[in-house]
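What follows is a set of structures to go through.
Here come two complexes built around subunit A, the first alongside subunit B, the second alongside subunit C.
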Partner chain A sequence: MQYKSQAVAKLYFIAAIALFAGQVLFGLIMGLQYVVGDFLFPAIPFNVARMVHTNLLIVWLLFGFMGGAYYLIPEESETELYSPKLAVALFWIFLVAGALTIVGYLAVPYATLAKITGNDLLETMGREFLEQPLPTKLGIVVVALAFLFNITMTVLKGKKTSISTVLLLGLWGLAVFFLFSFYNPANLVKDKFYWWWVVHLWVEGVWELILGSLLAFVLIKVTGVDREVIEKWLYVIVTLTLVTGIIGTGHHYYWIGTPEYWQWWGSVFSALEPIPFFAMTVFAFNMVNRRRREHPNNAATLWALGTGVMAFLGAGVWGFLHTLAPVNYYTHGTQITAAHGHMAFYGAYAMVVLTMISYAMPVMRGRAANSNRAQVIEMWSFWLMTIAMVFITLFLTAAGILQVWLQRFSSTPISFMQAQDQISLFYWLREGTGVVFLIGLILYIVSFFVGGDEKPAQA
Partner chain B sequence: MTSSTPTLAQAPDSLPPHAATGGAPPGDLAVWVFIFAELLAFGVFFAAYAFTRMRHVELFDTMQLTLDRHAGALNTFLLITSSWCVARAVHAVEHTRNGAATRWLAGALACGGGFLIVKGIEYADKFGAGISLSTNTFYMFYLSLTFFHFMHVILGMVVLAILAVQTRRGDYRPGHMNGLESGAAYWHMVDLVWIVLFPLVYVMR
Partner chain C sequence: MSGTFTKSMARNIFYGGTVFFFLLFLALSFDTNSALPARDNRANLTPAVEAGKKIWETRNCIGCHTLLGEGAYFAPELGNVYTRRGGDFIKAWIKSQPTGAPGRRQMPQFNLTDKELDDLVAFLKYASEINSAKWPPNVEG
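So, the complex of A and B:
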């Protein structure tokens, strides 16, 4: 570790992994509720399990991004973090606030939670992914601003590189677009319209910049390829992301009451959204093939390559699958969306955080790489989780195609619940692969506790 | 054998400028990736236009007559001229005449500005008549395609302005043309898109 203050990232990474485990557990609960409807009812109803599953995802990814930034920024800027103390304080504030929110979801009915947290003052709750009570939302803004202040000050007092600039752009964008979660117009069309400014412009906009910069950073470290080459790729990826992704928001505006031209704008631009992801795959493989050193951390390289491939498949290919308006007319809100959501979030964002952790954690623990034994276990966890996710996606896709057929396309369409019964086999299969995913995650956690002949830190 | 060495050393100067780069396209690979993506975006939109027109030939033919072809033709002339100016600018820098190159780039910028004015007058006319993206399918395409292109002209002009300043400052010289050639290639793309857009939307029936 080049700078002492980078060590604050460790806290963030540990919390991220713990919350990731929570997310997967609630995923399994929900997955079972798909087929055993009253499982854990009334203690944990489906809507609550779903809310916890998706909120934990967002929170652990935010922990991962922040940890990644705290590790990356000092090293890129070649200076200590502006205020490591602030970083530690923010960590505890964010963790406690996050935990209280989850406890709130589980302990009281959602309507009660809304009432006691002052939703009457400013109504922001009740919308998918943005279910957080007002105090939590305000807390997120405060933590995000203080975090941005900390890393921006670090960059300002140190060296400015393309990677840190792109990362800052992504993180500032993340904070700015989150502000739209406070805007909740009574008009349902407008509500949805701006809701996507948070959700879409996060995952298909500014988060991609965070993804690109974290990936570029790890690739520079493990391949030793010239910074100029990697930065050029990063710029191309960023430009392609913004060119396709911003107007690509239109693919959410097909059927919500917006003017018809969105069907064209959304279709054309979002059809091109796979391109930046494809560029990212080519980028990752190209850099690893041109590597000028053999870094002892093979697991990190594997995660980096995996991110390239899985992000392209999950976000690019599975996104394209249902992005064109005439196709989306049938697939909208079916299990096809769930299939895409799972693989895209895992492939792009979960994996890039795991890439960062895989590279940075050994360094923060005083070595260049973990022992071979630990790395083998980590690679096993990579393959188990990744293959499990591929099958989760395939089973959900199969379920989705059947659902579209039975419920919407056939000449004798059946109701939603009847269709759900018909596709339950695929839900069982998905639950099974979900268990495999959990085993992969357990192995991943185990890999942190395996000793052996650790590779010494590089001079 | 030894006599061939100086000949080789002189070779780059005597060869046409682009031959020295070993057949690679002028400018940076990154800009070509970007140009490719841009052309793909417009290409998809053009294809969508063509397929939609097939289903509404009558509407498209009627609506096409409401466009100002003369303005479109004038704009085509302006953009092709500006592309020529940019090509002359690159040529001038290759012969270390940066002053002339700067003037050529200024000429290209003037043509680009002319394009924006003509297009602005067309837009004012259409918006004044109450036409919007929701008027009909033809106008949805007309406004979308020309507006996206319009924004590209503005971006291209920003690039040309930066290049003009850099050229004047002497940042470019034979063998150090990467930025200039990249920007020039981008401007030619902006021109190329219009050369397809104009006949497709304004003229072809």
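So, the complex of A and C:
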């Protein structure tokens, strides 16, 4: 580790992995509720499990991004973090606030939670992914601003690289667009319109800047390819991302009461959204092929390559599958959407955080790379989780196609619940592969505790 | 990626492209906002509808259902439920939950008052009258 203060990232990464495990457990609960409808009812109704599942995802990715930034920024800026103490304090504040929110979801009815947390003062709750009580939302803003202050000050006092600039832009964008979560007009169409300014402009906009810069950083480290080459690629990728992704927001504006010209804008621009992900895959493989050193951390390289491929498949290919308006007319809000959501989030964001952890964690533990044994287990976990996610996606896609056929496309459409009964086989298969994913995750956690001939830290 | 295409050119295209397309997005959003009054059924946005939207949100309905196709995919689309079932059915259905049928998906009992039920129905009726470009394809949602 080049700078002492980078070590704060360790806390963030440990929390990220723990919350990831929680997310997967609640995913398995929901998966079972799809086929055994009264499982854990009324203790944990589906809507509560889903809120925990998706909110844990967001929070662990945020922990991962913040940890990644705390590790990356000092090294890029060639200076210690502006305030390591602030970084540690923010960690505990965010962790406690996050934990209290999850406990709140599980312990009291949502309506009660809304009442006691002041939702009447400013009604922001009860919208998908933005279910957090007002104090949590305000806490996210405070933590995000203090975090941004800390890393921005670090960059300002040190060297400014393209990687840190793109990362800062992504993180500032994340904070700015979150502010739209406080705007919830009674007019449902406007509510939905601006809700996407948080959700879409996060995951198909500024988060991709964070993704690109974390990936570029790890690729420089493990391949030793010239920074000029990698940073040029990074700019090209993020250009393609924002040029296609911003207007690509339009693919959410087909059927929510917004004008029909969005069907054209949304279809054309979001059809181009796979391009930056394709570029990312080519980039990752190209850099690894042109590597100038043999870095002993093969697991990190595998995660980096996997991120490119899976982000392209999940966000790019599965996104394209249902993004054209005439197709989306039938697939909108079906299991096709769920299929895409799972592989895109895993492939793009879960995997880039795991890439960063895989590279940085051994360094923070005083070695260049883990032992071969530990790396083999980590690579097993990579394949188990990744292949399981591919199959989860395929089963949900099959379920979605049948659902569309039975409920929407047929000349004699059947009701939602009748269609769900018809496709339950695929939900069982999905649950089975979910268990494989969990085994992969357990192996992943085990890999941190496996010793052996660790590779010494490099000079 | 030849030698003539430099990093600073890539950076300039990034900033230029981002600013241009963000401004284009703002312009389209501005136009959308002026087109909305003819489509978003705001004329029927009564206090009852507003109260109903709050019931919808504070019971986390979106955690199982979709509304105009957005939400969770565990339970039926409700953007057109008023058309599909009518107000009286919706109220009776909510009051009779959970069904308790073994192995079936269960909806919680929310203990809504008659006024809250009326408000919720008013909200769902308002939602069903938004011009959603003929979506969903049929009444099953």
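One rule holds in what follows: the second predicted complex is superposed on the first by the 459 of 459 C-alpha atoms of A that agree within 3 Å, B and C clash if a C-alpha of one lies under 4 Å from a C-alpha of the other, contacts with A are read in each partner's own complex, and residues count from 1 in each chain.
The rule we apply is simple: a residue touches a chain if its C-beta (ideal position, glycine included) is under 8 Å from a C-beta of that chain, and two chains touch if they have at least 3 such contacts.
Since this is a predicted model, take the numbers as computed values, not measurements.
Peer 1: Classify the contacts of A:188 with the two partner chains as first (subunit B alone), second (subunit C alone), both, or neither.
Peer 2: second
Peer 1: Thinking of the overlay built on chain A, is A:37 touched by subunit B (first), by subunit C (second), by both, or by neither?
Peer 2: A:37: touches subunit C, not subunit B.
Peer 1: For A:228, using the defined touch cut-off, is the partner it touches subunit B, subunit C, both, or neither? Pick first, second, both or neither.
Peer 2: A:228 contacts subunit C only, not subunit B.
Peer 1: Now for A:279: first (subunit B), second (subunit C), both, or neither, which partner does it touch?
Peer 2: Only subunit B; A:279 stays clear of subunit C.
Peer 1: Once the two complexes are aligned on chain A, which partner has more residues of subunit A within touching range, subunit B or subunit C?
Peer 2: When the residues of subunit A touched by each partner are counted, C comes out ahead.
Peer 1: Scan A:335 for contacts with subunit B and subunit C and give back first, second, both or neither.
Peer 2: second
Peer 1: Touch check for A:243: first (subunit B), second (subunit C), both, or neither?
Peer 2: Touch partners of A:243: subunit B and subunit C.
Peer 1: Using the touch definition from the top, say if A:271 reaches subunit B (first), subunit C (second), both or neither.
Peer 2: A:271 contacts subunit B only, not subunit C.
Peer 1: So subunit A touches subunit B in one structure and subunit C in the other; where do those two contact lists coincide?
Peer 2: 232-233, 235-236, 239, 243, 259-260, 265
Peer 1: Spell out the part of subunit C that touches subunit A in their complex, as residue ranges.
Peer 2: So the residues of subunit C in touch with subunit A come to 1, 5-7, 10-11, 13-14, 17-18, 21-22, 24-25, 28-29, 31-33, 35-36, 39-42, 45, 49-50, 53-54, 56-64, 66-77, 98, 100-108, 110, 126-127, 130-133, 135-138, 140-141.
Peer 1: Could you list, by residue number, the parts of subunit B that touch subunit A in their complex?
Peer 2: 28, 30, 33-34, 37-38, 40-41, 44-45, 48, 133-134, 140-141, 144
Peer 1: Considering the complex alone, what residue numbers of subunit A touch subunit C?
Peer 2: 30, 33-34, 36-38, 41-42, 45-48, 50-51, 110-111, 114-115, 119, 123, 125-128, 131, 162, 184, 186-190, 192-193, 228-229, 231-233, 235-236, 238-239, 242-243, 246-247, 249-250, 253-260, 262-263, 265, 329-330, 332-335, 337-338, 407-409, 413-417, 420
Peer 1: So in the complex, which bits of subunit A are touching subunit B?
Peer 2: Listed in rising order, the residues are 232-233, 235-236, 239-240, 243-244, 259-261, 264-265, 267-269, 271-272, 275, 279.
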